[in-house]
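In what comes next, subunit A is part of two complexes: it sits with subunit B in the first one and with subunit C in the second one.
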Partner chain A sequence: MRWRGVLAGLIAVVAACSPAAALDRASVAARACGGASGMTDAANAMVASLPDASVEDARWVATFSNAAIERTLRCGAGAPTIAAPEGARDAASLRPGAPADGSPPLLSLKNRPLFETVRAAATLLAGPTAAERAGALTALERRAGSLPPELFERAAEAETDPALKERVLGVGQAALLNSPDMAKRLAAIQRIAATPDRRALTQIAALKGDPAYGEDPAFRAAVDAAVGSIERWLAVSNALNVFYNGLSFASILFMASAGLAIIFGLMGVINLAQGEFIMIGAYVAYAVQEAMRAAAPGLLDWYLIAAIPVVFLVTAGVGIAVEATIVRRLYTRPLMTLLATWAVSLLIVNLVRVAIGTQNLQFVTPSYISGGRLVTGDFIVTWNRLFAIVFAAVTLALTWFVLKKTPLGLNIRAVTQNRAMAGCVGIATRRVDMMAFGFGSGLAGLAGLALCPIYSVNPQMGSNFIVDSFMVVVLGGVGTLAGTVIAALGVGQINVLIEPLYGAVAAKVIVLLMIIAFLQWRPEGLYAVKGRRK
Partner chain B sequence: MSAFDRRTFLKTTAGAAAGAILPLAAPPLIRSARAAGTVKLGCLFSSSGTMANLEGRLNFVAGMAAEEINAAGGVNGSTIEVVTSDPASDWPLYAQVGRQMLAETKVAALFGCWTSVSRKSVLPVVEQNDGLLFYPLHFEGDENSKNVVYVNSPPASSVLPAVDYLMSPDGVEAKRFFMLGSDYVWPRKINKQLKGYWKTKGIDESAWKEEYVPFSFSNFQTLVNQIRAFADAPGGKLVVVLTVVGSSIPDFMREFANQGISSSDVPVLGLDMVEADLEGLDTQKLVGHLNCWAYLQQAKGEANQQFLKRWAGYVGKTKAPFRPDVAIDPMVSTYDAVHLWAMAAKKAGSFDAPEVRKAFGGLSFDCPSGYKIGMTAENNYVSRGVFIGSVNESQGFDVLWQSEDTPKPVPMSQYG
Partner chain C sequence: MSAAKRSLLARALDDRIFVAVTSAVATVLLAAAAWPGLSDYRANIVGQLACFALLAVALDLIWGYAGILSLGHGLFFAIGGYVAGMHLLEHSVAVTGITPDIVQFMGWKALPGWWGPLESFPVALAAALGVAFVVAFLFGWVSFRSRVGGVYFAIITQALTYVAMLLMFRNDTGFGGNNGMTGFQAIFGVPFQSPGVARGLAVASLASLVAALVGCRLLTIGRFGRLLVATRDDEVRLRSLGYETLRLKLAVWCVSAVLAAVAGLLYAPQVGIINPRVLSPDLSIEIAVWCAIGGRGRLAGAVIGAALVNALKFSLSATLPDLWPFVLAGLVILVALIFPNGLLDIGRWRPTLLSRAGALQPRDATP
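Moving on, here comes the complex of A and B:
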């Protein structure tokens, strides 16, 4: 979309100017249609021409390489053309009215980065808006070394935005790591060390093999200082990574087990259909998305937020229905509830499978849950995980509020602690059971909602969570929210710490063994509610 | 004793999980009475559990191929009846259902299994009963049973050409590799052979890393962090060789894209990745990642167009819960398998497995992939073409490279 606007602008500009002769556009275009090696040649020719290219040529390079990447370039029997909604244009002259035939050439693995670099470099030189040029510069930062240094000098000269100019100069400096001028090299080292990631470390550590490292003490000191500083920052970013990964896994565990903690804690019902309530939550979120697509397409991006109440109410309703029809009749026989809820879970899975199908559901990924942001070093915050963490924190706060500050919560706590006495003082324990089961199911549904930007949503997704969530609930101590939170954080963090050392398979086993050992020592879990059961 | 217990348990599970195998429980007497003038082919593909979305559609493809053959007059005067089942993605259950099909339902041949672990569990059953199992997936090789027809390619004619391409100047001149797989026989054997292969190429052991995750693992955050770290280390271009299966594939790809790695930085070669795995993903950020199969939907040729048209028509007619506009390699391989069986049975003039097996030598069939696939008397392998696909914006794969012809399959790997 963004590109289409830019293209339209470019067409207008290019049409107004007379074509410059420096770059043989027709030859480049023809080569780009000559298979994988031809495309490589074309990309290299464009890069080589850029430092001296006229503005019109640079714009043409941006347009042409973009057409190749976006697959609007058409290679047929005649001259190459660029397809557009308003009609095909000749690829070399960009004049409209060309016959649109042929097929888009496929960018091979090797050519894709080349063309992306060419597009970014050309946009940096001749992009119409500062935002465009800044975006191009970001794309170039990691590949600066592969471009001629004069390119950055030229871009900096032409740059009108002072902040961007500064950045362009910086990237240009970094590209001079192997320049014959020692001052420039030292500047480059400092510049690279300013973004302390592993790539920078690799780049600078390689300089220890450089002859100058042995000869020039200033150079040696600069390299050593840079390596030391990068390594320090990397240690910080690694720690942050582990913490963030653990937190994100913990948020998933907590979401999956919060509802179970209430249901299991209150009634001692081992609800094996809990995973399927998660799945229903995700499917309801999908239904809301589709409804919004039909009713309010403009607000589609906010379907995840809009779905929150719907998901909670629907899954709570399903939970209440299950409680009223099945679980209620089996309170005296806990083992039978286990079987019955398992049957319910199989029933739900197969109903969804028959009614909707087994394929993964197609969710819209709005910008607030897609991609991530590099914070420092190699530490990336991915938005979908952050969404889950925030969602879990909000759910935790609301659950705590309901349990501690509302009459329903008071009743639930009373029944959990002493069912008989609660009944004696006039609490309708059966009704509280039903409400609590509904509340727990609703929380599971919300977990499904929080998970759909992270995991694939299909009828089987629930079964992945059931073991983990029981693990967390039992470890935390049955019936306590705080225990569930601590257990989720602990299991998440430990898992993430073990995984890189012994692998994901062993991590699961080790965590399970640790929990078994812990439960040997404290069978009631981390926090035990006193007087819960006889 | 414990084996018996497990089996009884599985039986109950399957019964509860899906009514689909109920027909199998019908008294054999009734079934054989109905069988006059028909020949039965058994399908061992799950329509529930983790493999349901992938394997489920193969039941329908087998039905479609049988319908085609029946419309052309059947085989040896009989019409084909396809018997389906549901082993519920439970590996030992494949063996049990397979045994039932061979002994009680009296199927002439079995078509089935996706994962190698399910094939390994059916293998003793078909060997004891001297039956035939047509296996439609590319796999780790190193197996050469006279009772299994390996319709798809062993590594030497699928994975190794793809890895060669990645290491060549046409590819990305890959120097280092991160192998990430589900923890079972197929990924482990493939990776073992790859390591052996790289050793013969003089690549040092420090140039690769190997990690395994449990089945249906989905939390790939830490592993993608590790891949990023390994990619930024010195030593040349890194490629991820991905052998995770099922729902782990989309979950991995999503995390990979979210952490900002594109195919230009680190390409992923997803050995089990098919179009169906990209359903539900934003493929805009995944463009350029690779897979390798013996068929891709974009394959050129009339045979492919016809196959796609027939599949769309068949889905419409049978209301199969799968997309009519997506065709994946195992579908085509199953389709080829039913046709190859019919050709062999016709040539042998019999439905007996030993007779049919003898007729395999010299068979050839116009596969929808555009290659003429063939079998020799030497073994039960089928020679197929090789495609390398590249993910495009519309959740499909473009053909990045394809082999000149069909390389001769090599059952036993020489790389360990």
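Moving on, here comes the complex of A and C:
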């Protein structure tokens, strides 16, 4: 983009050095009083002068064209004047005191849009507020092709508002597309094709209707090449979008099901209250947010980070309590545990519903996860989803560390592989069960935390994830983290891949059918621990 | 031959609780058929309870005897219910000529042509049982063949029902979407409002329940039942002894599914609506809860559990709707922790602390 700055700088230098190019106001004003064709001439003269005009001249053009549109311009015997409540002013010098005689010139249907364009172009250059300039730019967007491209370059150079500046540059490219100079047109096509998005595609595809498309083979080739390249990039960015959304969904699924898989592998128990642990995690994050709002409003932005240990400890505590009071008393009856944990989930949902209410919780979106970055085409890496992905990756690393490098992990793996033998060598298997249940619940709570910036948080939220996480556990098998990771990625990606084609329901149907088919081939999941088949 | 038969019948009467419960249901059946003071409202409640009890018996057959927990029996219940709904809609049009609402909100001109044959009741009955059987057979075959069982089977059946619910919630699946089917006008040519319809449906439900109880009892006390219990308690050993458990499990699974479809068939006309909510995972879990509360593996327990829980639900949701989930959750946890064999064991319970030697022990080792 440096060339553009240099060019604009050059223009600014030229404009500063040659005040000779100043507009002949009196002649323009006189021509505007010379009937319809005179008005057209006047408008064209103003447009032609604008790229090099001084700021005062641009302001004058804005005022004068406005007067013609608002019918305050007076054409009489003497010099044209502009009528105003406080007294008429000379149209050329804008000095007060001139006699206001004569009538407003008639603005024909053809000349009105011309004058409106002139007014907007002048306002874009010399308008005092960004809002006025933005409004002028909107008015110009459709007519950009009829204006000299240098006008936009100059406006962009002078623009102080960065967002508006980007817009001005974009419209300027569109102006160049219709430039009479073929070399500039071709250059503009190439430059527009360099930022491949839907808008660029419509802009360039519209050129296929241009007469030059049929006449000039070079132009035709350039347009075709640009359209092809934009379409290719759009396809790429579309694929990236799908992959990115799938990845973020998979991250949530992984966190929701990692705990399930560990508990299932260890105790042969599916915890139907896992979805409610997710919900508790999100509610605890909300409580932390409110506590920080009350205690340290300046640090409110960091509540999501501050909540991590709190969420983990609270949900792990709830999990340990459930294990100690209910699950451990049912350890030889996994199906009864299924029903008991369902009752726990019913209890938790309704407790939250009665105590807090069913409405969605309102979360502050911290600055570091709002917005995103445009990577290519319409592929935007949104920070909130990236947060979920990074968070899941960190959780995965920590879970791996806990399972492989700590005494607790060693015990979990030993009991998972052979409970009786582990007990024989002195491992307190009941205690390991309790710790693992707490650990798995804590992971579910963290999933809830990662969900707060993305999904709506209410007492029912757990049930939206629970069936998908069961599928991940069934598909991944138990005993290894790798199985859970791969299954979460698979289920997440397939869901997101099928969703735009056949809808969300079809995606779930297909995932379920694929899992049932898959179980024909590997009934104990992807990575079953080798052992005697029961 | 005749001696063996007599002994089978004799053994059918061994379980005193079963006999008591079956006779109680038969008494209610007689009362519903003959007692003039029965209001339509009460008859309707009794009929619904009988449907739920039938559903619970179906689940008990597979969970209590074969040890296979299905969290997807709502699917077969819904198959029966939806076929009944289609039959009743077609029949209502044939009797009254009034276009039902479903035609309007689905944007149709008339009911779909392929529903036409369902207007005849025998066809509808055959369709409901047939579809339930085929779905159960296919799903059971792929699952049992790859020896998916236990918790795996439970959560896959749950996912199956959940997916079916999502499908039925969509309008373009073609079964009324979110609204389901309602506005039934007539049954067997009689308008629904006329006296005796509610009573007739209740009698039909109770009669089906008695038939199912007796049939399942005879099925489970014979050789077949013994093999089922053996599958539950040690499938590997049974296989080693040379029995093919796939066929065994598949057979009981299909019978159970067909019974659930019968329950759905009877349920839809009594509540006057069938919609995808019967497919929600919660309903299917509740069926298992009824069995667990009453006591598994003793058909009587399923009836007691279903009747008790649903009667409680009906009375509480009329007076204290917010309290019901807490009561249900409390009941489940109570039963899970203190009455491992359900409330049928209540007579043997002695006040002891949990996990003390005196606490009740589960009758079956697994699951």
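Convention: the second predicted complex is superposed on the first by the 354 of 534 C-alpha atoms of A that agree within 3 Å, B and C clash if a C-alpha of one lies under 4 Å from a C-alpha of the other, contacts with A are read in each partner's own complex, and residues count from 1 in each chain.
Here is the rule we use: a contact is a pair of C-beta atoms (placed from the backbone, for glycine too) under 8 Å apart; a residue touches a chain by one contact, two chains touch by 3 or more.
Because the structure is a prediction, the values reported are computed rather than measured.
In the superposed pair of complexes, A:Phe264 makes contact with subunit C only, with no contact to subunit B.
When the two structures are aligned on the shared chain, A:Leu330 is found in touch with subunit C, with no touch to subunit B. Note on subunit A: of its two partners subunit C and subunit B, the one contacting more of its residues is B. In the superposition on chain A, contact is made by A:Leu519 with subunit C only, not with subunit B.
In the superposition on chain A, A:Ala36 makes contact with subunit B only, while subunit C stays out of contact range. Once chain A of one complex is fitted onto chain A of the other, the partner contacts of A:Ala343 extend to both subunit B and subunit C. Once chain A of one complex is fitted onto chain A of the other, the partner contacts of A:Arg220 are absent, as it touches neither subunit B nor subunit C.
Judged by the touch definition given at the top, the superposed model places A:Asn458 against subunit B, while subunit C stays out of reach.
Residue contacts after overlaying the shared chain place A:Lys508 against subunit B and subunit C alike. Overlap of the subunit B and subunit C interfaces on subunit A comprises residues 343, 346, 349-350, 354, 463, 503-505, 508.
Touching subunit A in their complex are the following residues of subunit B: 16-18, 47-50, 52-53, 56, 166, 169-173, 183, 211-214, 216-219, 221-223, 225-226, 228-229, 232-234, 247, 250-251, 254-255, 257-260, 263-264, 267, 276, 279-282, 285, 287-288, 290, 321-323, 390, 393, 398-400. On subunit A, the positions that touch subunit B within their shared complex are 36-37, 71, 106-110, 112-113, 116, 197-199, 201-202, 205-206, 241, 245, 248-249, 252, 343, 346, 349-350, 353-354, 357-363, 365, 370-372, 374, 378, 380, 382-385, 454-461, 463-464, 496, 499-500, 503-505, 508.
Across the interface of their complex, subunit C is touched by residues 264, 268-270, 272, 326, 329-330, 332-340, 342-344, 346-347, 349-350, 354, 463, 467, 470-471, 473-474, 503-505, 508-509, 512, 515-517, 519-520, 523, 533-534 of subunit A. Put simply, subunit C touches subunit A in their complex at residues 63, 69, 71, 139, 142-143, 145-148, 150-152, 154-156, 158-160, 162-163, 166-167, 169-170, 235-236, 281, 285, 288-289, 292, 322, 325-326, 328-333, 336-337, 340, 354-355, 362, 365-367.
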